[in-house]
Structures are given as structure tokens and as C-alpha cells.
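Here come two complexes built around chain A, the first alongside chain B, the second alongside chain C.
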Partner chain A sequence: MNRRKSLGLVALGATAALAVAACGSSPSTAKTTSAFDEAITKVVNPSNAKTNGTLVFDAAVTPDSTDYDNTYYAFMWDFVRLYSMPLMTYKSCPGTCGEQLVPDLATGPGVVSDNGLEWTYHIQPDVKFQNGVTVTSEDVKYGIERTFAKNILPNGPTYYQVLLAPQNATCAASMASGGNTGCYPGPYVDPSVNEMGLNAITTPNSTTIVFHLAHPFSDFNYVVAIPQSTPVLPSWDTGAHGGANFQLDPISTGPYEFQSYTLNKQLVLVRNPNWNPATDPQAKQLVNKIIVNWNMNQNTVDQDQIAGYADMDIQGLGVQTAAKDKILTTPSLKADADDAINGFLRFAYINEQVIPNVHCREAIEYAANKVTLQDAYGGSIIGGQIATTVMPPNILGYKSFDLYNAVSDPTGDIAAAKQQLSLCGKPNGFTTGLAYRSDRPQDVLAAQALEAALNQVGIKTVLSGYPTGTYYSNYAGVPAYVHSHDLGISMGGWGADWPDGYGFLDELSNGNSIAPAGNTNISEINDPTINSLFAEAANDNNAASRLAIWPQIDKDIMAQAAILPIVYQKVLLYRNPNVTNVYMDDYYGMYNYAVLGLK
Partner chain B sequence: MAAPLDVSPVGAEAIPEAVTTGLSGQRIEGRSLGQIAWLRLRRDKVAMASAVFVIFLILVAILGPFLVQNPDTYHSNLLNPTLLSPNGAFGGISLAHPFGVEPQTGRDVLSRIVNGARYSLIIGFLATALAVIIGVFFGLIAGYFGGWVDSLIARAMDVFLAFPLLVFAIALVGVLPTNASFFGISLAGNTLRIGLLIFIIGFFSWPYMGRIIRGQVLSLREREFVDAARSIGARGPYILFRELLPNLWGPILVYATLLIPTNILFEAALSFLGVGIIPPTPSWGDMLSDAVTNGYYYIDPMYMFIPGMAIFLTVMAFNLFGDGLRDALDPRTR
Partner chain C sequence: MITFIIRRLLATVILLIIVSALTFAIFFLLPRLAGETPYDLAARYVGRNPIPSQIRAMETRLGLSAPVPVQFGRFLKAIVAGETYTNGTSKVYCPAPCLGYSWRNEQPVWPLLVSNIPVTASLAIGAAVIWLIGGVAIGVVSALKRGSLFDRVSMSTALAGVSLPIFFTGQIALLLFSYHWQIFNVTYVGITQNPLEWAKNLILPWIVLAFLYSALYARLTRAGMLETMNEDYIRTARAKGLPERTVIFKHGLRAALTPILTIFGMDLGLLFGGAILTELTFSLHGLGLFTIEAIDNSDLPEIMGVVLLASFFIIIANMVVDILYAVIDPRVRL
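So, the complex of A and B:
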């Protein structure tokens, strides 16, 4: 409805763009039309014009939570920046530039003590909550304390629980055996003044916060860039919008605040009057209102975008087959779309316990037909480019290499596979189980493609489909189940919590990541070299030398043939030509939502 | 013993000369009820056409897989590299691939349809056989003994009919392991799944058969031949299986024929929902499911049309043949 009004401002937007062009920036910004893939490397429709328009997001899903302390969805981490200010954040700029950490609420990156155990941040003194109250370091601490109340806020990551010094000796002993007895239970359980508070975080004054770690952890700045470090006013987190209901009206420190939220149906954000752009340069407050319509049908979302009823698909996973066909075959629509790498790797775990001989695993790497596997995930456009490494190219520390000729011989090197099988002592092949998620069409097709390819060298696979909801908790993520059911291969996908090798590789290949259930190191890689490289990186506070460690680990994993990379996933994103400041942010793997405006 | 279907007129009574020689001097042959039914069926063109199609389908299921190409061979070169839809009109129909190829994989659709027919029919027939065996057995007992036995079985049938079968089937297939052994026979993967599908479909569709048999037995048991058998000392099992059962072949045949298409549809529905046959083994329901969930219906409608048509024709042929069979065996219902 407001879009009609916003049309009157097109001229203003265009003038602004011309003005920018005149100031010496690239002349192409004056163009009224954009090109295919343009938003991957630069800002499309750059503009700082404020409008009375309404920006409409559609979603085919419901969020795990709109509470910034309780969400683990990539698109929510992108979206919550509209109403939150964590200590650190990612720079708002296109492509890999968007992977740089910059201070947000903090005045600078954390200062680490000599022993690597204390991280100190100073926060900006003049940032206000939406109700006008000034933010203090106590509020940041309270926000992090909330994330310990896992019974009330179960969804977010658990880095603080793992990294911070244990609350007391009981907790330390319990954590060593995988429990949490005696550990800090979160602010809702024990609000008494004396016991109150997580003692691993101290606040010497109202603008300083100090984190005390159990072990040195050089990537800690990335941890506080997760939305969980957003300040929360303790008095707000009570009553009707406290605890689990906090998500209905989370207190805002960002450019927008909640006007109304009908759970899982519609969310309406309006301008936050107490937000000061000078304190938050990574976000913009350009439109009057932002609406998110949740829980729609994906095809409806796609059609809404093309028809202009919606400005953006919040999930950022791209359009589906029907819309893909329409966009790619209509030049005017194609010009408003981007086919971008979203930071996910699609791959198959090869279990080192079930298939202990490295040559047998290498035979799988060689025999796999990378073309049919790529097609299973949607081909080169919405599937992705054929992967040869564990880390995707957008991860800091990525180095390209190809141990199994995946690029030079994409349909599979049968001769090399047979040679490896002979070295393994099984020249006629062997039989193993292949686990996949039966309710994910792409995984189903990929499992079949792998089965057909391995069959050609005599490796027989028994396909075993499991539901997505329990895939990691009951089946592929339970080593005991994997061993007893002989599941040598399991299909999987992985995206990092932060864009460096640690964020991507630790859960997949660190020996101490192997868990009895919910295991993410399904290959059960427990290699002394890899483990010591991770330990070395955690103690190394020099960013440059840390970056050199990740490709070594990547190569070690590939040399053991513990992971069969399939594609670096790509998504076909459509951007409404009316939306301004659109660009791909390589950290989120989708458009950056914090800066969007309307023409 | 006096089962009407087995009545043989020859020598049964004195036959006047005029009848045996006929008015034009031609001898009029006596016909059994079975022969009369066969004559009626042969005159029903729709039923005969359906029968021919059903026989063709059975031949396809038995011999087809040896004649067509490997259903699991990928032909990525036949796909548009960007859209992954088949090159060429109507889903890539060509001499080598008369029904086209599958989007995203390039597998031959004809060979997947032919191989799918085998599994559809195996499951349809065996599940029906199971339903008929259980249904006839309990229907006979309920109808003949009556009283509390009848009440018990009739209530059991009500329970089975009221059972949310689809939900149960999805849950059961979901929780069962990928390999298991029953009575010393160990099954794994698809063999186990097919056995399971046959069991679920057959075990839950027997009440339809049971009710019809029970109704027939209720009227048959009052007939004189049953009284006669009883009066010469025949006991329950003998009367049930030697006196009553032979008189029930007509309805059994008819309703079994009508149950087969229902079961084929049910298998397709389960495969459509992802709890049927395990891929890459082809199944018609699975192909339809791929067409919908992977969005093929938009880029390649032919891929949805072909398995849809296969299910439609099969179900219709069995239904029309069953109808014809019923008309032939029992013209009063016409």
C-alpha cells in the first residue's frame, strides 16, 4: 500500500544516485537497470534517501525465535541487526569485504591478556535502548547470561558455555564428563543478589566488560559478533515480554523496534526514535516500516517477489525450480537476480571407523561422478560449483587444490578408483550403507547419483533414508548407530558460524568434536596432526599466521578421504528493482538486511 | 454335494429328444454357470479390452525389465546444463527415450515406468492375496457361526475400517529399521520395505472382503444344501470349506479384482509420501512425488503426465474388468 507512495520518490532516488556519481564514484551507479550477478560484487541502487515506504519480506518458514539471544538461523542473524547491536559485527559492504569484523557496540576489537584468558571490551557510552535508557556493560553481561537459560531459550549456539571459565569447581568437574551440574543456570533460575551473575564475566565500570575464558581462544572476537552479545535491559525481560516471550517484543538498540508481532504470522518493525546513526554506522534507517510475513508457501514467496508484492525472501536460500526457470529465461527478470555462493558446502561424510582403509575411501573419492552429484543439487546455477576442498572459497584461509581430479575428470576417474580398490585389498569392491535425509529431495537425488556412480566400480551401497528432524540426533549423528548399521557414507551439509577455518572446520574434523549423539564429525576424524593444528590455532593470537593453518587442515582431511566434497552451494536470489542498497554479504551468504531502503 | 457352479446337467435327469436335438435338428449343449458367465464376459467389449490391457501390463511387468535399458543410467548430456530440464520437446522424447528422460538426472522414463510396473503389480497382487485370505477366513467364520463370534469379528472389522491407515503406515515405515528378520528370514533394504508394504496394505484392507463374504454366508447357510450336509453329519470346517467356499468364488474373484487397483493406488500414495519403495528403485508414486516436490511439473509437465497416466490406466483397467466380471457372474446387479 505504501509502495504506491514510494513511487513518487523514484525521481529523488535517481537524483541521489546521480549526485553520488558526480562525486566521482563509478558512473555505472547512474544506470537505472542492474545486471545479472551485479549485487555479488557491488551495491545495487545505492541511496541514502529516507522514504515513507514499507519494506516487505516474505518467508516460507517460521523463525526459531525472533529473540537475538535464542536464534541459530543464518537469516535471523542477518535480520536481527535491524533491532540489535552486538559488541562486534561484520562490516556492511559487498562480497568478501562483508567478512571483516568491526566494532559495533564496542569501541574497538577485544584486548586479550598475555595468557590469552581475558578479553576486554569497552563499549560506546552514549548508545540508548528504544525506551531512552543508556546501555551499560551490565546490560551486555545480562544478555549473555540469558543464553545460559537453555531450558527457556534453547536455540542459540553454546560458545559461551564452552569457552567461559566454569562457574565453580563442581561445574568444572561436571563439564569434563559432558554434564553441567553446578554450572550457571541463567538469570531466571537464581535471581538472588549474592549468587546472581555469571562470574566469568566482570564489569569493572559501566563501559567495560571482561570475559574470563577457560582456555585461550584466539577467535573470540567472532564469538561476540554473534547476536547473543546484544545488551538487554534486565527490567524489560520480565512479565509479559520476559523469558520465552521476550521474542514478542525484544528491546531494541538498532534502527528499528517491534510495533507488533503475531507469532509466526506477521512481524511489523517501525523506526526506533532513540537510535543514533553516528553510533551504529553498519546499519541504516531508511524506510518507515518493515513487515515480515511468515509461514508462506515457497512457490508463493517466489511468485510474490517476481510480481513485486514482496521485496525480498528473508530465508536467502533462493528461488525454487519454477521461479528459477522463469527468471533465467526472462532477460528483464534475470537482470534483477544474483547467482551467488552462500558459504555452504554440500558433501558426503566417509566414516573412518566403518571404512578404515584409506584406499577404500579414496576409491569413493575417485569414483564419484561429480556432474550427476552437482545436478542433484540443482546444477551449476542453484546447485553450485563442483567442490574440491572442505572449505568453500568465501571462507578466510581458503586455498584451492584438487587431490582427486574432481575438476579435470568430473564424471569420475574409474581407473584410479579401481587401482585404489586393489591397494585396499578389495579389487571387486565392497558393500556399505549410505545415509541420507529422505525428506530432502536434493539429498535423495544425490544419494542415488552416488549409488549409481559407486556401483560402476563395484562399491555397492545400501541406501538408508532418515527424517531430517532426527538425522543427527538419532541416526547419522550417533557413532554407535553408524557402526552397528555399517553406514560408511552419510550425506551432509555445513555452513560456518563465522567465516574462518575454525568456524568451518572445527566441528567437522576436530577429534574432540566427536559426540555420542548430535555428532557433527560424522567421519570420526581423530587425527593427531589435525588436533594439534586446532590447538595451535586456538593459542595463536596472530590473525595472519592463523590463516595459514586452515588450508593445512583442509588438505589433511582431503588426503584421508574423510569427506567427499560435492558443491560449494549457490543460490539464485531475486532482488526487487525498487529496493536500494542491495548487495550480497559473503558472511551471511545472502543480501545484507541492515541497510536496505526503497526507491 | 450340490454347489450350483458345479452342477453338471449331463445325466442329471431324463432329457427329452426334442431338447437334445433342437428344433433345427442341432443338439443344444448344456452350459454350466461358469460357461454362461464366460459367454457374458466375452460379449462385454469394455471388460475384454480391460482384460487385454491387464494381461499386457502383467507381461510388461514380467518381461519388460529385460527389454528396456538400465533405469539407473544417468544421461546428463541430454539435459539443459542451466535449467537441468530435458533437451527437446515433451520432456526429451526421442527414439532412444520414447517417454523422454527425467529432469535433473537424465534417467530413461520408459525404463523407470516399466520397472515401476513390476513393483506396483507385485505389491498390488500380493497385498490383495493377503487381504483375500484373511478376509475370506474371518468372513466365513463370522457369517456361519453367528452369535458372539460374529459380533467379535464384526467389531474387529469396524476397528480396522476406522483405523487411520495412512498415518499408521507412515509411522510404521518410519520407525522400522532398514534390516530385520522375521521367523528366521532376514530381510534388508527394499525387500524388507516391499514386504512391509504388502503386509500393511493387505492386513488393513481385509475387512472389505470379510464383510462381503460374511453377508453372502449369512444367506447361503440357510440354504437346503447346507441343511442337507448338516443332516448327514458334516461338521463346521467341512461345511465352511467344502460347501460354502465353492459358492463364494464369484464374489471373491470380483472383489479381489476391485481391490487390486485400490492397493496399487495405496502403494503409489505411500511412495508419494516418501515411505514407499526406497530409491533408486523406480516407483510410479515416487515419480509423481518428484514431479511435485522438485518442481518438475513446471519445467517438464510430461514427466508428471506419464506416471500419472500409468497409474490412471492401470487402475481403470482393473476396475472396468472387475465391473465386467461382476456383471457376468451376477447379472442381477446390472
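So, the complex of A and C:
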């Protein structure tokens, strides 16, 4: 009896402690003057004032690499702008304005030859590395050559390997069958660094660089806006500090440079004395020091921001449930937060080979309960907005349409679904497999929600969970496996490498993208109209007419009911009121890190 | 005694080889048995949307095509004789005991492991001091004042301490002391850098970790003391007219402490291998967080390294306990 009483006291104490903590104020943060969602469309605290302050980022993860040639994480592409200058970049301004390509190291966009195979860029003659050496076009070429050393730097994108003209005929023949015999092996294997090198890139003089492509590719300016076109001084990439260790101190052309980096623990950046703001207008050098604390507890990351110990969560995926509730219920905190669409789509692939009848696929589109699916991903604030198209609203070329009444009838249009099933010749429904990633709780919930909704119209699903690590390489991404296991539906998520229809739609819906393993066109869309629209876009160097192509492809995919869009992902981002120049950058889907300062 | 120690050391080496073989089999052999090819395995260590040649390059670099026993042989050889790796621009010699080369971080595993030890050791030792002194003292007083208010309150608190997980007590402690009252800031500062800051910044994790253990130790000590104090020899000691203090500390506590010593050795050894939950809750970059990172990244050499190091600490702690036992009780050496 006595023990029970004492335990009751302990429990009461703990509850009281929680209550006190929940009401905790944040004394170290300044009074705010901004409003909820303000940074989605406006610059919050605009300022060009330089301070001696230190900007602190927290991260619940570790980067794939701090080497700009070896990273594929969205937040790292945003962050490396602080110490790199690629040929092209995105304009530093809020909202969709930030999706405009502008020259960075280059003096202007690439000039393409008439046959669409040669792209020429001229670089600014007076940009310097952190050690004072002037950047030349050879340095840009060397940086790209490094990305071919895939055994040492395995993480980055492979656009150059795929788009550039093969090194020789042997390489061309080998590439056709998925090999790379005779292809350029990267500067660490090639003994003639920068003498022979990669012959698909030429440097007629120290400020000109020419890319020779295998096929016309009108979006090439987007490719060179990826951090991999950052110049690298070959003499910096040598010895114990080169190759894989380059990540510990990558040479900077941006406003900051590495002072120290304890791998995966803490990174400290300081001002780069040889950076000239006139040559790099898209970035700012306002604070004295930038610190990133890696590999923290996500709860600590959230609490650190609210308490003012940290200025920003570098990952840009927003706060978790506990902090979300606190922010949304505390007006002063809510005024410093933004609930924004980040350009990522949650959806389900509907395989056209396994479910060949379009009406059966349409039945799935109609029957899906978009509200329970939205809840599975976290609800309307940190889950996302109900999606009706493949392209999210912040992708260039997005046009709003709703073929399956997802917005007008979000819990599912049962009557329409049944009608489609009749047209499909299966009025009582059918059975199909549903693949999902069993180690991702949101995927599991979404698969269950979809199962329940489809069950209402007689579509029975057999749920099959797979590990994330091999989901695309061994299961959902292997068409032969999908067919033999009758996986008509597979859960998926998608974000683009660049914000136009090509970046978003090509891998999902171009017939050429269907691969025997690691397939991303899991619906196996191989439609002549869609394929020809992609081909037309690749050869069309007129941005405006290209922009008109993307919504057509989006509509075609939806008309075929090959993709069931679920939500345009949303994130609840918190900004410390002390931080200046804060705004959502639609390209990165998070705040723009290149321009931040402190009050 | 020397033969005993040599015997135990040899057993330690054999045990470590068994542990490493088992760990290696789990991560390298089982996937193969489940039908995963070296190519599939390599595909996990490249970026998004890889091209086939990129995966094959990683397969070659990580040496995944070789038969699993050959890979294990290479692993053991590196531990004994060291190994040379390339980082692209230069050869990196990894001297013995070389626990391999991280597949994600592209660094030799051993220095990465070693760099995490000071944090974990600081956390474990500090907490151990608190829980040993606190737990044993509370246990003794509770046993001697059995049924008193102190006994009841402390044992109920102990029950709470044993039952509440660290990620709960840790979060509460952080919310109150770090975020609400802003008294403690939990960031690791090296002891050589600033001993005062080192201690101040670690107080919160020490107390939270010690709360769990001291609760356990208080209950164990109390039970041990109660049992011992009822022994015949205690009655004899009292009958001899020995002062109560001598009876309690020399005859009672000494006997009750022997099993506590065994558990203490095990617990400390285990914590040295990484106090995973405490380090995660307080974002302390020790072996525990390193382990989580290694598992998140499927970084097999790092996982192998951390398993071996943790086993090493546990085995060594056990050996030390055994030696201490052997000193106390010669029958153990037989």
C-alpha cells in the first residue's frame, strides 16, 4: 500500500515536470516581428549587416559527404553553396523566384551549338580559391573529372557519365551494355591528370569550358547547377588530404572555408578572405563563423532551436511531433515557423503490366481515401497537402488539375470506383500485391490505409513489406520480380534533382527509364506519346515551349492512372528570430543557407 | 596467479575470434545465404539512381566478390598485421590493430573508434562513481533501517529508477535543467581542455544514468545486507561485543559487496562499449552514437569494429572481476 502511494507521487512528479517543461519559455530568443508562413513568400529580417556572431546548425543525421563532388543530399546541395561556386546556380530569392537558374562561376548560361551537342561556358576571370589562386576552366574540368572516380567518390549523381560523349569507341560499346570498359576512370587512376584527362570536356583557354554531349540535352544548364561543377585546384586534391579525404577540407570558392571538421561530429566554417562578393552575388558572408553539430538527437535538435541554442535544423525536414505541437500552440513560436511544401511527392506506383486495364487502375485512383493516406504521412501540417498531380506545385511547369476528385471527394469516390470496376470487367473487384518499405513507419501506415480503402470496393491487396536498403535494387525496382509477385501497387516517394518537369517526371515515366534493377519507373509507363514528348523536350532549347510540355506529360500519366498521388510533402520549419535573410527556397525545399546572417 | 591470468588472456583472444566470426557471419554470410549477390550489397553504398558501372566499382573496391571466408581472413590479417588502403591520391597505412576501412566515411575504423572512447569513458566512470557510492549507501541504510520511512521512500524511488527508461528520464532532465532553467548545457568538453566544464556539462547524463543503476544497486545492496545481517557469524560478532560499526562495515557490508562487485564489473564493461540510450538522448558523441550511426549507414567495418571493442571491454571487465575474486577467494584459481 505504502509503496503504491510513493509510486503515485513519483508519477505525479514526472507529470508535473512535463507540464512545467511544456510551458517553458525561451528566454534567449529575441522578440519576433514575423508571422506564421511569412518566410514562404518573403524575406524575414532582411539585412546586409555583418556581425561577429556564430550561426549554429544542428543535424540529426550525418552528411553523405561534405565533398561537393560526392554528395546527393538535398540539404548538402544547399549548404555547400557556402564554400563552393558551381558554373550555374539558383537565384537567391524567396518562393518560386528561387527556381530561376543564374550564372554563378560562369558569366552567363551555356551557349549550345546548333546540333545541341556542344555547351560552352565562359567563367569569370577573377574568382579566387581560398588560397588566393585564380580559378581557371581547367579547375572546373578537374572537379568534374573527380566525379568519374566512382570507387572513391560513390555518392554523387551520374549525369556527366551518362550525358557526356563516351571517351572512345570501346567505352561507347561497353556503356550500351551497362559497362564502362575503356571509359574515363577518373583522375586517380588516369596517370595523365589534366594532360589527357576526360576528352568530352575541353578548355580552349583559361576562361572557357566546352562540354561535348553524346545526345542533345536541353536541360544541361541544370546539370551544371549541381555542386559537381565546382572548380577544384588539382594540387589541393593530392596526398593524404586528397581523394576520399578531400571531404575533410574541400578547397573553397564560396564565402566560407573549413576551419576544422571532426568527421560526423562538428564542422566549423570561417570567412574565406579571398572571396569577393562582387563575383558571387547569390551568396553572403555576414557572420564570423558557422558551426554544424552533426548526429544529434532529433528531439534535441528541435528543442535547441526553440531554446535558441541552435539557429537552424540543417536537414530541412522540419520539426517532429512534440515540437510541432508546442510551436503550433504557442503564438510567439508559431510566428517564427513556416509550414511549406518542399517539392517531394508521396505516391503509389500502379503497375501497367500487372494491372493492364486502365479502368481497373482508375478504380484504385477513385477508391483511395486521401484523408487516411494523408494522416499516415503525418497529417496536413507535417505530412502534406493532398496531391492530385504528379508534379508538386513548386515545380516549373506545374498545372493544377484533379482527374479523380481527390480534392472534392477526398475520402474516396466509391460510386465512381465501382463504375470503373464494371468497365474493367471486374465488378466485384480483384486481388493484387502491394509493396512497401516495412522499416518506414509512414509507409507501413499508408499501405494499411490504402488496403482498407480499396477493400471497400472489393479490391483485395496482399501486403508485402521489404527493407528500404534493397527496395529498389531487389524488389519493387525489379520488373521481373514485380511481375512474378503480382505487385500491382508499390508505395514510393520522389523529389527532383532540378525543378522542372524533366527533373521530376523523366525517371518516373519515360519508357527509356525502365531498368531491369534499380528501376524508378516502377509503373512501367512506356507510352509513345509521353516518350515522344520527352524526346521533343530534350531537343527543344526554348525554355517557354519546353515548359508547356511538362503538364501534358503529367496529365497523360494521370489519365493512364499509373500513379496515385498521395501528398505534396509539407515540412514545419522553425527559424530563430535572431537569424536574418530567412526564406524558403523552392528549389531546395528548405531555407536558403547561402545568405543567412544574425541580428 | 600468473598462470591464471595467462589462461584467461588466451581464453579472451579465442572468445574475441568467436565473436568476430559470428558478427562477420551475420553481416557478410547471411545476406549471401539469403540470395543477395555482392553486386546487390555494393548497391547500398552508392548514391541515388546509380549506373551499373558505379556499383561494380564499389563492389571491387570493397572486395565483396571474394568468398566470405577469404574476406574474413583479410579482416583477421588486418587486425594482426595492419593493412594499406588507398584514398585515391595516396596510400593510407592502417597499422595493427587495423579494424578495416569504413565503407561510408572512407577512413580507417580504429582511429574513428578511439576518438569516441573519451566521451564514453567519461560518461561511464562518472556515472559509476555516483551510482556505486549512492546506490550502496542507500542500500545499506535501507537495510539497517528496514521498514522506516527512509527505507520505503528510497526503495519506491529505486523501483521508479529501475522502471523508467533513460530516454524518458533523460528527456525530462533535459527539458527542466537544460531548456527550462538553462542550468546545464550538455556538450562534451575534453577533461584536459577544461576539467570544470567537463564535469559541469556531464553532470546531467551522469545523474540520469546513475539514477537507473543506483536504483538497481540500492535494491541489490539492501537485499544482500539483509541476508548477511541475519547470518550466524554476525550474531557471533555481536556476541563477542564488537562495536556495531565494525559489525556492519567489516563483517556485513564486505560479504554483501562481493556479488555487487561482479555485477559492477559487467555493467561498467557494458557501458564502456557504449551507453547507447544515454548518448543518444544527450547527443554525446561516444561509442554509443557511433554504433547507431554505423548501423544506420550499414557500415559493416564500423559495426564489426564496435562489436569487437565492446566485447573486448566486457571480457576485460569480467577478467578483472575474476582476478579480484581469485585474490579474495583462492578456490576460484583451482
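Basically, the second predicted complex is superposed on the first by the 564 of 599 C-alpha atoms of A that agree within 3 Å, B and C clash if a C-alpha of one lies under 4 Å from a C-alpha of the other, contacts with A are read in each partner's own complex, and residues count from 1 in each chain.
One rule holds in what follows: contacts are C-beta pairs under 8 Å (C-beta built on N, C-alpha and C of every residue); 3 or more make two chains touch, one makes a residue touch a chain.
These numbers come from a predicted model, not from an experiment.
Visitor: In the superposition on chain A, see if there is space for chain B and chain C together, and answer fit or clash.
Guide: fit
Visitor: Can A:D439 be said to touch chain B (first), chain C (second), both, or neither?
Guide: first
Visitor: Where does A:Y309 make contact in the superposed view: on chain B (first), on chain C (second), on both, or on neither?
Guide: In the superposition, A:Y309 contacts chain C only.
Visitor: Chain B or chain C: which reaches more residues on chain A?
Guide: Looking at chain A, the partner in contact with more of its residues is C.
Visitor: If you stack the two complexes on chain A, which partner ends up touching A:G469: first (chain B), second (chain C), both, or neither?
Guide: A:G469 contacts chain C only, not chain B.
Visitor: Looking at the overlay, does A:V358 come into contact with chain B only (first), chain C only (second), both, or neither?
Guide: neither
Visitor: Does chain B (first) or chain C (second) touch A:V102, or do both, or does neither?
Guide: neither
Visitor: In the overlay, answer first, second, both or neither for which of chain B and chain C A:I514 touches.
Guide: Neither partner.
Visitor: Have a look at where A:P154 lands relative to chain B and chain C in the superposition and call it first, second, both or neither.
Guide: second
Visitor: Please give the least Cα distance, whole angstrom, that chain B and chain C reach in the superposed model.
Guide: Shortest inter-chain C-alpha distance (chain B to chain C): 6 Å.
Visitor: Where on chain A do chain B and chain C both make contact?
Guide: Dual-contact residues (chain A): 299.
Visitor: Residue numbers of chain A touching chain B in their complex, please.
Guide: My answer: residues 299, 320-322, 324-325, 328-329, 369, 371-372, 375-376, 378-381, 433, 438-439, 441, 444-445, 447-449, 451-452, 455, 462-465, 467, 485.
Visitor: Considering only the defined contacts, which chain C positions touch chain A in the complex?
Guide: Interface residues on the chain C side: 36, 40, 43-54, 56-58, 60-61, 86-90, 92, 104-107, 112, 115, 152-153, 155-157, 159-160, 164, 171-172, 174-176, 178-180, 182, 185, 280-283, 285, 289, 293, 297-298.
Visitor: Once bound in the complex, which stretches of chain A touch chain C?
Guide: Per the touch definition, chain A meets chain C at residues 2-3, 6-7, 10, 14, 17-18, 20-21, 24, 27-28, 62, 64, 72, 149-158, 161-162, 175, 178-180, 183, 188, 237-245, 247, 262-265, 293, 295-297, 299-300, 303, 306-307, 309, 469-470, 473-474, 507, 518, 520.
Visitor: Taking the touch rule as given, give the residues of chain B at its contact with chain A in the complex, in rising order.
Guide: Residue list for chain B touching chain A: 72-74, 76, 79, 81-85, 104-106, 174, 177-178, 188-189, 274, 278-280, 290, 293-296, 298-299.
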